[in-house]
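Supplied in structure tokens, the structure appears directly below.
The letters A, B, C and D name the chains in turn, as written, and every chain counts its residues from 1.
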Amino acid sequence: MFIYSVTRIVKLQDIDAAGIVFFPKFLEYCHDAYFEYLMKSGIDLPTSIPSGEYILPLVHAEADFKGPLRFGDEIIVTIDNAIKKKSSYRVNYSVRKNDAQRTLCCVAQTVHAAISRTSFAPLKEVPMEIVRVLKME
Amino acid sequence: MFIYSVTRIVKLQDIDAAGIVFFPKFLEYCHDAYFEYLMKSGIDLPTSIPSGEYILPLVHAEADFKGPLRFGDEIIVTIDNAIKKKSSYRVNYSVRKNDAQRTLCCVAQTVHAAISRTSFAPLKEVPMEIVRVLKME
Amino acid sequence: MFIYSVTRIVKLQDIDAAGIVFFPKFLEYCHDAYFEYLMKSGIDLPTSIPSGEYILPLVHAEADFKGPLRFGDEIIVTIDNAIKKKSSYRVNYSVRKNDAQRTLCCVAQTVHAAISRTSFAPLKEVPMEIVRVLKME
Amino acid sequence: MFIYSVTRIVKLQDIDAAGIVFFPKFLEYCHDAYFEYLMKSGIDLPTSIPSGEYILPLVHAEADFKGPLRFGDEIIVTIDNAIKKKSSYRVNYSVRKNDAQRTLCCVAQTVHAAISRTSFAPLKEVPMEIVRVLKME
């Protein structure tokens, strides 16, 4: 069971002078999957970020790097699950090569706070539409 | 004679899987020099972009790539000069290695239109402060 | 008639502090389409770049910016055509919004030299497989 | 007491569609300070990464985001300290605004393994030159 999974190809420009994917790119891969999933699920981020009731800023991000990725590698970026706390939630990701062994290359997580867009005060709870979409019931 | 010149070191992450600087980065190097120069010259871009009278969007950019840059190369990015047309102006750049020969690696230019920030109508002329700072008299 | 066309969504991080796509990103969109097309057409770039007979470095790139793109915009990046010179070739691109009018946002081109990977000497001609794939006969 | 500190200005293109620095950029700021410091301290990374005895790949990175950064903000990126384990080490960073309060915006860390460049086997110990430069005695 997982929430969302997407394949992509490691691009020429994702690689650094060490010949492997530059580490913050892994977090970008995960965040891309997260935004793509929210938008496909009906969360209108281009509207809600500048003018919605609440925003969901990142308060923490981390990643363990298990193995290198190189130009042309086909990878699978997965949102494994999400866990709700009071007014924040954690999203867990994995990045695997699309090879026979599904080689694990990165495990990552992001933590998001749910706050008012205008006052920046924490919401009492993570908004219901986010709870539903990220299957945090 | 030139307008502004800045040195920088090519970073690990500026390099792509071919082992050289990914080409749009050259334009970013030039644009960084341009913004840095404007801001050092008293043009308050963080204020003027969201709330000033006019904006100066790029309408054209181009670059000729003369030689590769690699991780660790020290480079000199120069704003060579700027040329005013009626309500737009062209900025010419060069990127050289900081070696004995000052090896030329890239020649680039950007063209900027001067337009009203609210109506997007072209200004009658490039604003005087920009003419002055970019020595286009 | 065109060579290749791909849709993509403008990402959160493609936007700059002016609220629009940062201009070198347009060239990255075009280059992504070019690499994706070559690889889908059987040109094994992850192998040929580090160990093939020839490489195809960019010697020129340019873009005209016709209109801004914003976060969430769905765009169509098209390789319109490619034109062969002796030992180099030019690729023409357009970037349009995927709206009813197919609003044109950017016209761009890249010029690539065909050179030996080891000696860097220009090839006598653009390699046949590239001529074929980019329909430059 | 700290190891190294560098100021920089938040660039136009570091900002995303939410109007603030895109979160992986914070890790890039920290990594830039780390590489800059190593190179200024005599560690020749452009030579050692492709052909040295050992490499120091990241195995973990994390960041806590305490407050947003915007275009034009002057920031101070500090390598606070580094802690040696057997064959790996952790580097601690902070990112502050260069304002009167030195507002803390981000606390981050990266963990690096010391491994043979050819066999990828862990070294018995973190190399002495790295221990010395990062003041991990």
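As a working rule, a residue touches a chain if its C-beta (ideal position, glycine included) is under 8 Å from a C-beta of that chain, and two chains touch if they have at least 3 such contacts.
No experiment lies behind these values; they were computed from the predicted model shown.
**Q** Centre to centre, using CA atoms, which chain is the farthest one from chain B?
**A** A
**Q** Across the interfaces A-B and A-D, which one involves more C-beta pairs in contact?
**A** A-D
**Q** So what's the Cα centroid distance for chain A and chain B, whole Å?
**A** Computed value for the inter-centroid distance: 34 Å.
**Q** Distance from the CA centroid of chain A to that of chain C, rounded to the nearest Å?
**A** 28
**Q** Could you grab the centroid distance between chain A and chain D? Build each centroid from C-alpha atoms only and quote it in angstrom.
**A** 22
**Q** Mind pulling the residue numbers of chain A that touch at least two other chains?
**A** 12-13, 17-18, 28, 31, 46, 49, 70-71
**Q** If each protein chain is taken as a node and each touching pair as an edge, is the resulting graph a line, ring, star, complete or other?
**A** Contact map by chain: complete.
**Q** What part of chain D is in contact with chain B in the complex they form?
**A** 9, 11-13, 28, 31-32, 35-36, 39, 45-46, 49, 70-72
**Q** With touch defined as at the start, can you tell me which chain A residues reach chain B in the complex?
**A** Result: residues 12-13, 15-19, 22, 70-71 of chain A touch chain B.
**Q** Within their complex, state which residues of chain A touch chain D.
**A** Within the complex, chain A contacts chain D at residues 17-18, 20, 23-25, 27-28, 31, 46, 49, 55, 57-65, 68.
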